[in-house]
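Chain IDs A, B, C, D, E, F, G and H follow the sequence of writing; residue 1 opens each chain.
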Amino acid sequence: MILISLNNESRECDSELALAALLPAWGFDWKKIAVAINGDFVPRSQYSSLRLNAGDQVDVLAPVQGG
Amino acid sequence: MILISLNNESRECDSELALAALLPAWGFDWKKIAVAINGDFVPRSQYSSLRLNAGDQVDVLAPVQGG
Amino acid sequence: MILISLNNESRECDSELALAALLPAWGFDWKKIAVAINGDFVPRSQYSSLRLNAGDQVDVLAPVQGG
Amino acid sequence: MILISLNNESRECDSELALAALLPAWGFDWKKIAVAINGDFVPRSQYSSLRLNAGDQVDVLAPVQGG
Amino acid sequence: MMTPQPDNWTLYGQTFQSRLLIGSALYPSPSVMSEAITASGSEIITVSLRRQSPSEAGGEGFWQQLKSLNKTFLPNTAGCHSVKEAVTLAQMSRELFETDWLKLEVVGDDYNLQPDPVATIAAAEQLIKLGFKVFPYCTDDLVICQRLRDVGCEVLMPWGSPIGTGRGLMNPYNLQTIRERIPELPLIVDAGIGKPSHAVQALELGYDGILLNTAIAQAGDPVMMAAAFRDAVAAGRQAARAGAMPERQTASPSTPTLGMPFWHQQ
Amino acid sequence: MMTPQPDNWTLYGQTFQSRLLIGSALYPSPSVMSEAITASGSEIITVSLRRQSPSEAGGEGFWQQLKSLNKTFLPNTAGCHSVKEAVTLAQMSRELFETDWLKLEVVGDDYNLQPDPVATIAAAEQLIKLGFKVFPYCTDDLVICQRLRDVGCEVLMPWGSPIGTGRGLMNPYNLQTIRERIPELPLIVDAGIGKPSHAVQALELGYDGILLNTAIAQAGDPVMMAAAFRDAVAAGRQAARAGAMPERQTASPSTPTLGMPFWHQQ
Amino acid sequence: MMTPQPDNWTLYGQTFQSRLLIGSALYPSPSVMSEAITASGSEIITVSLRRQSPSEAGGEGFWQQLKSLNKTFLPNTAGCHSVKEAVTLAQMSRELFETDWLKLEVVGDDYNLQPDPVATIAAAEQLIKLGFKVFPYCTDDLVICQRLRDVGCEVLMPWGSPIGTGRGLMNPYNLQTIRERIPELPLIVDAGIGKPSHAVQALELGYDGILLNTAIAQAGDPVMMAAAFRDAVAAGRQAARAGAMPERQTASPSTPTLGMPFWHQQ
Amino acid sequence: MMTPQPDNWTLYGQTFQSRLLIGSALYPSPSVMSEAITASGSEIITVSLRRQSPSEAGGEGFWQQLKSLNKTFLPNTAGCHSVKEAVTLAQMSRELFETDWLKLEVVGDDYNLQPDPVATIAAAEQLIKLGFKVFPYCTDDLVICQRLRDVGCEVLMPWGSPIGTGRGLMNPYNLQTIRERIPELPLIVDAGIGKPSHAVQALELGYDGILLNTAIAQAGDPVMMAAAFRDAVAAGRQAARAGAMPERQTASPSTPTLGMPFWHQQ
């Protein structure tokens, strides 16, 4: 288990699991969100292969009102 | 015959004739004009009785564009 | 004695006395004020002769700041 | 002799002479002007050593009104 | 839902939908005039009277065409310089146009063509006694407006700026003061409107309508400009009813700031 | 004749009728938002991205409702303070909203929330290389606008005044200069619009459209205000096409002076 | 050379240097009032009359202090709502202040405290027959100003904006029209001046002087503000005499473009 | 008491009394230039460099005359369109005028002659590394001003309006924002000042000084206009220090209402 930050809250997670597995575990539907890690965009095509490292800053964003 | 002013042009006219007779003689259709004499309004009801005096200033007005 | 209004406050005064006598009695220095009675200006020249009537409205004014 | 441009007018000049010699020859008092060659500033300290090359663009500037 | 519920207004007991009163002068041609008036959606048209020379039937052609539009006519006393002239011309208008409505104008100065406040009040008083329904053209002076109300005017028409200048609302502060102090009467900005934005501004200030002529008649394309003003008064009126946001001194974001990414507590 | 012929405009190859772009934030409720957007006639809606906590499904409800309106979406980068943040957020928006359109905002100061001109140019250049169609939010600075054009922006969005202030067009002179010097691109006034009269003024200046949010969302009646702005942009656009009368220094009468009665030559 | 040649002006036959008329009210203390009046360089001070209760000698102290400044006094009729009140108060002022000068004020509305144009004209006419030299406080209405001139006022004092608002010149266009149409009389902007820039603007428009009170008396530092206004009227007057450059639509360089370096003909 | 206590300000460690910086161009004659500069009380004069043809000694005469005034000179880079040109011209100025002061101008557009914000920042950064004391001429953009400060400019000179237009302060809101957000640096309004009232307004906003040329040089009487601006900056500065009354929405009387006569309680 490693410690990462999810939307600025620290979380433990299994460093063996790919993002594709972590997102549903965290309660996200990948079709309704977009992801950045450490300030870099992560396209959906990488979800299945990408694994997190300790201390990673994960941003999971969803649509909101905009002006 | 007396001398009067019609719309600021001097005219001779027969002092015996009423306005009702003068207007058509001058080429006016009374239904399409309004009349003032010496700066006072003359209602149509008076056309048949009213006779002019020498020096009278007659204004015959018709509709025009307005702002 | 009669009842009059002095600067909108009711006062008793002796109807026999002239304004010239009343003003000092009321504490006014006539050189430093101007007088109106019932809304009309009363020049100083009349102070010695003028006597009040019951119900007179006396205004005694002095210089103040103005804009 | 080489061909150079002086304040955007073409001139012939002796490639052997230093700027310190050319300026008075051109009628300039070095204390009252400043010089740039090919768009680069040339400080007075270099006048005695600096020689021109064919095609050099020489700007000789003097004080004028400014806003 | 897309169209606001009917929002009529009343002038001397007569109800109208359009808040645009329009003049009939200065158009490139009578047919453009008719098209522009129709495009404007206006229901009230100003007209006037001038000396008629028997020969020329031009005036009459104009009048036949205008009558065919079936609008309400508002005769004016433009050009009158005295109470007497205005009263006489008003009486002639009433007989010929068969209406007791009157746009009262008494010119006070030939340079800025502004209304003479004192003569306008005197003329309004006489005309109201004679049974006229007076629409007084006046300056943006609260006290003059109050006096016109007190002699019996049931609508007031302060200027935006001098007629024909197209400078819009020279003094919004005065116009706003009049609106606040005379809430009970319909108020119309008359004269000086040059662009649709001026008309919108007038209605945003709470004015009930505007009266203009030159801005449409002298536009590059009068018919399209008439449609522009039709939409402008609709926009301004809805804005006044909807209630505009307050103007703020400092910026504030529209997009939510909560949940902004890439920011890391430490 | 009463309705002007179709007058579309094109943004990055896509054609639209409405000249009003509208934000989706700050409405009293989602249903009012939908009604207001519909009433505005707008075809382009701005949206954004924020951190999502799995628990709350609120955001999603909003997004489902907005999608159902079948409008074109313009994601923004509101709140970003650096080129890097803006570029990352842009890429996430492209994936999630499935559009390469982007309203580029890089905040330069947290007090007036104005765009950072230098960072905006740098970000625009990167994003265009990445294939984005950039709508840059910028100040009313001609040279900044020219540089944004030169890096490949095909539309420019100078501000009217700081976002959320509702102060309208602070500097019409600058906006007019930009219009005159950059005739080849569509120009949109973004931010600062507080009232319909501001919107009309922008289009009278020759601007192609306006983008606003607070003025409608925070109005007393957002739906009616949306209709007011719908009519305002129609009015302003027609005014620009029709060509307004020139503003004059001195008055000139609309009613003809020739044939004025009661005047006697001597 | 550094100091412009003497540039006096004349009011009812009396000559003055300073173009600033100043009120005596609203100062934090009598001593600040005296200092401020002195610092302002003003030669004409407005005063008034109110009911005196024998007890309080406060008023008298003020008056003794003011008299010691040896200025010209201009009594006002502030607060009067009718011709009758104004005429009576004027007569009392003449006797007590021993001057036939009078600043005529007849309030027309208690909200904006504006002068009543009709009553002001009537009162001016009566007072002039009674031998007064009337300084009428009026609105910025050309026709009202002309009537005041016609009844014998030899100076006119249109307002800048409502008294005490400090909004400056609400309607420069009207003020300029009055200046152009009434070149023969001295004109003073009275009321509404809030800052020295407003005073400069009034004199740049060709006005001969300004009258103010609150802007100095209620400033953070009334004495320094008085000096600011002293310099402001000097600046504005010299500007009017010197003749300002014309305002231009487009930029033009001040530094010569001829002989610009680093530019190479090809 | 009539003269305010000394109120100096400091630019790059040098102290001055006058808050007016003045240009040396566009005067009808060199002697008028000298008289005007003297009358203005200005202590800092802007100058420039141009190509010198040996023949004409005209430039030299001008320069001798200007030197004799013993003022501080501020050379400019007017006309430069690139960082390179500006840096080279700056170095030549430093050698010839024997000063490291520099008014940095990098033209961004030949129509409005506005500074190029991006190039101005880059040039300022280079010049400061080369030891120059940079006075950057910039637009009224807060973020640009902050960046100029961050690269080491110790004074900022945002424009009022485009050079030579005399339009005054086009955007007081922006200028005020810059003043509030950058309290630590002296701020000078450069370009666009047309009348003394504009100068007063700038100083009332809290600006430390103004720089102008055309408004004086092209006035009908440049010497008198110079004196007008001398008094204007004095007025504006004192106003800023004294603290102006707050602007009010509604009227309030200056003359006391208490003790108003002719009023009878019942």
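What we mean here is this: contacts are C-beta pairs under 8 Å (C-beta built on N, C-alpha and C of every residue); 3 or more make two chains touch, one makes a residue touch a chain.
Protein identities per chain, from UniProt: A, B, C, D = Thiamine biosynthesis protein ThiS; E, F, G, H = Thiazole synthase.
Bear in mind that the values here come from a model prediction, so they are computed numbers and not experimental data.
Peer 1: Hey, what chains does subunit A share as contacts with subunit E?
Peer 2: Touching subunit A as well as subunit E, we find F.
Peer 1: Please identify which chain has its centre, taken as the mean of its CA atoms, farthest from the centre of subunit F.
Peer 2: C
Peer 1: Name whichever of E-F and D-H has more C-beta pairs touching across its two chains.
Peer 2: Comparing D-H with E-F, the pair joined by more C-beta contacts is E-F.
Peer 1: Among the chains, which is located farthest from subunit E on the basis of C-alpha centroids?
Peer 2: That would be chain D.
Peer 1: Where the centres are mean C-alpha positions, what is the separation of subunit B from subunit G, in Å?
Peer 2: 54
Peer 1: Go ahead and note the Å separation of the Cα centroids belonging to subunit E and subunit H.
Peer 2: One centre to the other, that is 45 Å.
Peer 1: For subunit D versus subunit G, what separation do you get between their C-alpha means, in angstrom?
Peer 2: 62
Peer 1: At least two other chains touched by the same residue of subunit D: list those residues.
Peer 2: Residue numbers touching two or more other chains: 7-8, 36, 39, 59, 61, 64-67.
Peer 1: Please output the residue numbers of subunit H that touch at least 2 other chains, ranges allowed.
Peer 2: Answer for subunit H, listing residues that touch two or more other chains: 23, 25-26, 48-52, 76, 78, 85, 88-89, 111-112, 114, 163, 167, 213-214, 253-256, 259, 261-262.
Peer 1: Judged by the touch rule stated earlier, which pairs of chains are there in contact?
Peer 2: Pairs of chains that touch one another: A-E, A-F, B-E, B-F, C-G, C-H, D-G, D-H, E-F, E-G, F-H, G-H.
Peer 1: Which residues of subunit F touch subunit E in their complex?
Peer 2: Those residues of subunit F that touch subunit E are 1-4, 23, 25-26, 35, 38-39, 41, 48-52, 76, 78-80, 85, 88-89, 111-114, 162-167, 194-197, 200-201, 204, 213-215, 217-225, 227-232, 234-239, 241-262.
Peer 1: Mind pulling up the subunit B residues that touch subunit F in the complex?
Peer 2: Residue list for subunit B touching subunit F: 5, 7-8, 36, 39, 57, 59, 61, 64-67.
Peer 1: In their shared complex, at which residues does subunit E touch subunit B?
Peer 2: Against subunit B, subunit E makes touches at 23-27, 33, 46-55, 59-60, 62-63, 66, 75-76, 78, 84-85, 88-89, 91-93, 95-97, 103, 163, 213-214.
Peer 1: Which residues of subunit F touch subunit B in their complex?
Peer 2: 253-256, 259, 261-265
Peer 1: Could you list, by residue number, the parts of subunit B that touch subunit E in their complex?
Peer 2: Touching subunit E from subunit B are residues 7-8, 26-28, 32-36, 39-41, 43-44, 59-67.
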